[in-house]
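Here come two complexes built around chain A, the first alongside chain B, the second alongside chain C.
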Partner chain A sequence: LPAAVLLKDTKLMDVKLGQLGSWLAMRDFTPSGILGAVRRGYDRYYNKYINVRKGGIGGVSMVLAGYIVLSYMWSYSHI
Partner chain B sequence: VLHTTRPLHTTQQSLAPVPPLPEKGGEVRHGFIPEEFFQFLYPKTGVTGPYMLGTGLLLYFLSKEIYVINHETVAAACILGVFIYGIKRFGPDVAAYADKLNEEKMASALAMKNEAMQALQTAIEEEKKEQWRVEGRTYLFDAKRNNIAMLLETNYRERLMMVYNEVKKRLDYQVAMQALKRQKEQDHMIQWVEKNVIQSITPQQQKESIAKCILDLKALSKSAQAAV
Partner chain C sequence: MNLTFFDQFSSPSLMGIPLILISMTFPALLLPSPDNRWITNRTSTIQLSMINLITKQLMTPLNKKGHKWALILTSLMIFLLLINLLGLLPYTFTPTTQLSMNLALAFPLWLATLLTGLRNQPSASLSHLLPEGTPTLLIPALIMIETTSLLMRPLALGVRLTANLTAGHLLIQLVSTATIALFSTMPAVSLLTLLILLLLTILEVAVAMIQAYVFVLLLSLYLQENI
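Let's turn to the complex of A and B:
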């Protein structure tokens, strides 16, 4: 009998679509929680694409592409 | 306050050796789309799925004017063109240069580590040699003990010699004193006896003895004449 995993502990990719709302409500939205989430995201990206022996252009260019898209979204109303 | 009931150092965690860096980063296709996206869509749509999605999205943005074409589009296109040309042309050279820098750092770190290990090894050798040297201590002490014994012996013999010489000097002095005394007594007695004898010879006795000597001489001359 597989041990039932609490909804709180499942990863985002394993959450079913119907449970998404409740899963999102259970997340930690305190300042320290948000900071921790940002830290974790940064660490994951950094360790996967930048902190390697032979990194390529992808690590930096993905950040730049994201920046381009975000700035376009913010300045859309001015166009 | 340390809670002694809390167990310390329960895990095997240690900070060294640090695990080595991975060789290559996550795969990225066309420079800005991670490979995981293509793998995510592969079971449902095969190989061309993501490209179809990209084309559809692009046309949708263009037609609905979510992405507006203006002067900035041309500028962006030129800039992107230059970027891609530069990366394609100079990418490998820059990568090789960066790798060379990394190699140098690693080599210097390794050299330091090897030097430290070498130094410690030689220190161990030296230590072993010192330990071996310590074993010779007993011989050193034996030699010293012999030296001291010899010094003591020499000193003792010198003193014995001195004692003997002093005693002999004193005894010689006593002997010389006695000999001198006896000689003096003897001389004095002889002188006294001679003096008395000469005093006792009266003139008359002198005449008588001279006459007797002349008679004896005559007798002797007669016998001597006969012998010749």
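Let's turn to the complex of A and C:
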């Protein structure tokens, strides 16, 4: 019988659909929380694509392409 | 039509949140993060070798007391280099086109070099205001001139960076607009303009790197005089 885990600590894949609203409400939306989430997400990407033995140009290029897309979304109203 | 060319320099904001912060902190994601391994990944190795090259180049003319400035000068150099180069990608925002940011970088650092000199060796740093071998009659005028040029240094540092980058971005936008406008009527001239655009882009990449270097070099020069 698996031990009961607090809703706060469950990963997104294990959250039931009915609990999704309360799970989202419990997340940390302060600036340092958001920064931490960005850092963790980027660390996952970095360790998968850039921090490998024979990494090529693709890892960094994907980051730059994502930055271009993000900037396009922000400046769409100016164009 | 005239005003839209300068729209690219307005500080972008999404629902009131200034996005210039993200443009300034994004280069940090591209830099090598500390790893406990002896041999790091290829990207980190290349970047760290570049940083070593830059630091050695900057610190060679400085004496031992000046080596305390190594961290700030190297990080400033990397910061400006990355921001300038990232600004050349399409649709991105270059924070260094804002005069406010460049003056905010130039003024405190220049003031720090000046105060270091005045505090540690006041007579030697003041003597820089009068070049050797000037005729006696010219001395008052020359001291005024040298003081003015000393006080102009932070303004020159900031404005140089701003003007170079702004002019480059504006030229790219103008030439590309011309290329597209000419394409329907005179394709041959449009091709010529495309060639000019290509050369201009190469120039801009060079200018982006050179301007960052010049900024930090001049600062280290002011430091050498004063430390």
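Please note the rule applied: the second predicted complex is superposed on the first by the 71 of 79 C-alpha atoms of A that agree within 3 Å, B and C clash if a C-alpha of one lies under 4 Å from a C-alpha of the other, contacts with A are read in each partner's own complex, and residues count from 1 in each chain.
Please note the rule applied: a contact is a pair of C-beta atoms (placed from the backbone, for glycine too) under 8 Å apart; a residue touches a chain by one contact, two chains touch by 3 or more.
For clarity, every value in this text was computed on a predicted model and none was experimentally measured.
Contacts of A:Y46 after superposition on the shared chain: chain C is touched, whereas chain B is not. By the document's definition of touching, neither partner reaches A:K11: not chain B, not chain C.
In the superposed pair of complexes, A:K54 makes contact with chain B and with chain C alike. In the superposition on chain A, A:M62 makes contact with chain B only, not with chain C. Legend: residue contacts after superposition of the two complexes on their common chain; A:W74 is shown touching chain C, with no touch to chain B. In the superposition on the C-alpha atoms of chain A, the part of chain A touched by chain B in one complex and by chain C in the other spans residues 50-56, 59, 64, 72.
Against chain C, the residues of chain A that register as touching in their complex are 42-43, 46, 50-56, 59-60, 63-64, 67-68, 71-72, 74-75, 78. Here chain B touches chain A in the complex through residues 21-28, 31-32, 34, 66-68, 70, 87, 91, 95, 99, 102, going by the rule given at the top.
For chain A in complex with chain B, the touching residues are 48-59, 61-62, 64-65, 72, 76, 79. Taken in their complex, chain C has these residues touching chain A: 7-8, 10, 12, 14, 19, 26, 29-30, 33, 35, 40-44, 86, 89-93.
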